[in-house]
Amino acid sequence: MANTSAGVPKSLEAVKLSCVRGDRLVFEALEFTLVPGEVLQLVGANGSGKTSLLRLLSGLALPYAGTVRWDGRDVHQQRLFWHRNLCVIGHLSGVSASLTARENLAVAVALGAGGLHANVVEALGVVGLSTCIDTLAARLSAGQRQRIALARLVMSKAPVWLLDEPLTALDLDGKRLVESLLRTHTSRGGLAVLATHQPVDSSNLNVRNFQLRGVGSE
Amino acid sequence: MNFMRAAAAILQRDIRRLLRRRGQWTQPLMFFVMVVVLFPFALGSGEITASIVPAVVWTAMLLATTLSLEEIFRSDFDDGSLDQLALSPHPLPLLLLAKAIAHWLTALLPLILMAGALARALNLAPTPLWTLLVTLLLGTPVFSLVGTLASALTIGLRGGALLLALIVMPLYIPVLIFGAGAVNNAALGLPTSGEMFFLAGLAVLAATLAPFAAAAGLRSRLS
Amino acid sequence: MNDFFAMGGYAAFVWPAYGLTAVVLALNAILPCRRERALLRQLAAEAKRQGSQ
Amino acid sequence: MFASWHKYASLMHFHALSQRVSPWCFGLSAVLFAAGLIGGLGLAPTDYQQGESFRIIYVHVPSAWLSMFAYIVMATAGALSLIWKVKLGEVIARACAPLGASFTALALVTGALWGKPMWGTWWAWDARLTSELLLLFLYLGYIALQAAIDDRRAAARAGAVLALVGVVNIPIIHYSVEWWSTLHQPATITKLGAPSIATSMLIPLLLMAFASQVFFFAVLLVRTRCEILEFERHTQWVKALVGRSSMPTVIA
């Protein structure tokens, strides 16, 4: 699914990326290349720039210097096309509290980020929320709201996943759910960048750790 | 055509979300009524109050709008759905136009109806009353569109409400001038077509330019 | 000479206007230059502190 | 030609260029101001209608012109930074705002000082002064937005959007205030901007206008240097520049 016609797999590259937040240099000349089937796990202390890097990769933020390339082309030159190939789980779950799980996912499908196919009920079943499809998200627990966000991964056909702390507020089988989703995603030739504090169990999962040192952090 | 579906989904979501939170869309309404009702107390029940009703109603409308602007992106920013909005492959200006329409329907339309009722209660003559309603219908879309832009620029900033008011004030003044001016002229029996055309022109200008500016503003705030 | 300062009776308006203009021009000239010097000193101190670690 | 222009768009080169040019601008504006003042206060004849109070024109008109000019520079720099991603645009736009705001305030006060002897009140809702007041609010909105956002780059881009929206609104504000003020009181003074003033009065006005313009560029260059240092504090060339300029202290 992610291979180009010429058989050369589409890869995600960060080329000499540097990021400045406020007056602080978060990281400098950061390089990596990710080929399909790989999961890049960002490891680093708080404030070492994991979320900033994910925002740069998603194209929401402009890098201070350097470029993010998908399939060899800068994502900012092809931003709408890039967003079609991208599914992002952000720091916040992106679930509005005064809508039900079904309505939240219906909006996500309509927005079309990450090429979601429309089977909402089935996706909610996979993440174990089939009993509370029509309850307001405000009445659900933080873990259940996070599972609504994970349902977007189930429905997504996008080759690239950017996951910022997907395991927050999740119980043990929630963690296993994320790992199984990553396994099916990478087996289909997808690739993912993951920022997490609890390391993902990497049995039969091609995980590569990427150390983020805070630059100049005393 | 699915970008229309995306816009429709945003419009439906915002309206549904606002209707479920009773307090939210009644706040500007209460504020509007309070401001309009205060003036007669200050002026006494003489003939003067009738002549200043257009100015009071339009000023109260402007202030109530400014109060309601921060809510446009507040909940999206808090729960993270703002990023999902910006990450959509569909054009962001169109989605923000849908948000502006949702704000107009939920926050400003009730105000217009209340303005008509209050103006009638303060015995504004029929012709200026109709002029008031028409100018409000022409002017308030500009409030919503420019308001969405200003709200996008000031997402998540401390002291946002005051900053918002400072940003929108000079942009709202032309609408206030022509809106209140038209009603005052109608009260004097003068023709008001000039002001109406100008208001309509402002509405079209805002409808075409504001969404693109709001999208650029939103992207600059998200990075 | 002093009728020059009387400004035909409008001294109370002309001279404050010119005075205020002089003040605004002076401030606009001095403040940025001073800020630049302060900035250079601050950056130098920062560079020295990072350099000496 | 384009390649060399582009060289100066890079902040480092612009910083060096600005350091060379700004002293000359200050010098030139000082000379022009002196000439303008001598002409305006000394040589220009008394106005038959307004007497000596017309001499305020030599400070009011240049600052009113600069208040508008500064906003246009800000909006164009903003457009450059938003549309063509020119970093220099962000820096110049931020440097421009306080300068423009100070000239707008100056134009308002000198306008009131000029209005008092003629209209008898400090503040008559004259169309020009009212537009100037709203222009001041546009500046204050821009500056408040810059102050509220911590990240300098995001602040510059958000400000660029606001400046572009503002510049679209300036003609709208101007015409609506024009319509509004002529509605309430007939056009009181048309002579203010009338080109028909005597040449002996006009020359000092041109001198003062040109002096203010050069002064504006000089201050803009200095302020832009400050913004460049703030924006690029993490780059090697700033560290090198800072290291060089403070060398004596390090050795001492």
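So that you can tell them apart, the chains are marked A, B, C and D in the order they are listed, and the count of residues begins at 1 in each.
As a convention for this text, a contact is a pair of C-beta atoms (placed from the backbone, for glycine too) under 8 Å apart; a residue touches a chain by one contact, two chains touch by 3 or more.
Quantities reported herein were computed from a predicted structural model and do not represent experimental measurements.
K.L.:
Using the touch definition up top, find the fewest steps from chain A to chain C.
P.N.:
Between chain A and chain C, the shortest chain-hopping route counts 2.
K.L.:
If I rank A-B and A-D by number of C-beta contact pairs, which comes first?
P.N.:
A-B
K.L.:
Once you find the CA centre of chain A and the CA centre of chain B, what distance in Å lies between them?
P.N.:
The mean C-alpha positions of chain A and chain B differ by 37 Å.
K.L.:
Based only on mean CA positions, could you tell me how far chain A sits from chain D in angstrom?
P.N.:
Taking the average C-alpha coordinate of chain A and of chain D, the gap between them is 46 Å.
K.L.:
Quick one: report the Å distance separating chain B from chain C, using the average Cα coordinate of each chain.
P.N.:
One centre to the other, that is 42 Å.
K.L.:
List the centre-to-centre spacing of chain B and chain D in whole Å, with centres computed as mean CA coordinates.
P.N.:
Going by mean C-alpha positions, chain B sits 32 Å from chain D.
K.L.:
Residue numbers in chain C touching 2 or more other chains?
P.N.:
Residues of chain C touching two or more partner chains: there are none.
K.L.:
Considering chain A alone, which of its residues make contact with at least two other chains?
P.N.:
62
K.L.:
Could you pull out the residues of chain D that touch at least 2 other chains?
P.N.:
Correct list: 153, 230, 233.
K.L.:
Okay, what are all the chain pairs that touch?
P.N.:
Pairs flagged as touching, ordered by label: A-B, A-D, B-D, C-D.
K.L.:
Note which residues of chain D are touching chain B in the complex, please.
P.N.:
Touching chain B from chain D are residues 82, 134-135, 137-138, 140-141, 144-145, 148-149, 153-154, 157-158, 160-162, 164-166, 168-169, 172-173, 176-177, 179-180, 183.
K.L.:
Show which residues of chain B lie in contact with chain A when the two form their complex.
P.N.:
Touching chain A from chain B are residues 2, 5-6, 8-10, 13, 16-17, 20-21, 75-76, 78-81, 83-91, 95, 219, 222-223.
K.L.:
Spell out the part of chain D that touches chain C in their complex, as residue ranges.
P.N.:
Residues of chain D touching chain C: 26, 33, 41, 46, 51-53, 55-56, 59-60, 63, 99, 102-103, 105-106, 109-110, 113-114, 116-117, 215, 218-219, 222-223, 225-226, 229-230, 233, 238-239, 242-243, 245-246, 249-250.
K.L.:
Sort out for me which residues of chain C touch chain D in the complex.
P.N.:
Against chain D, the touching part of chain C is residues 4, 7-10, 13-14, 16-18, 20-21, 24-25, 27-29, 32-33, 35-36, 39-41, 43-44, 46-48, 51.
K.L.:
Contact residues on chain D for chain A in the complex?
P.N.:
By the definition above, chain D touches chain A via 150-153, 230, 233-234.
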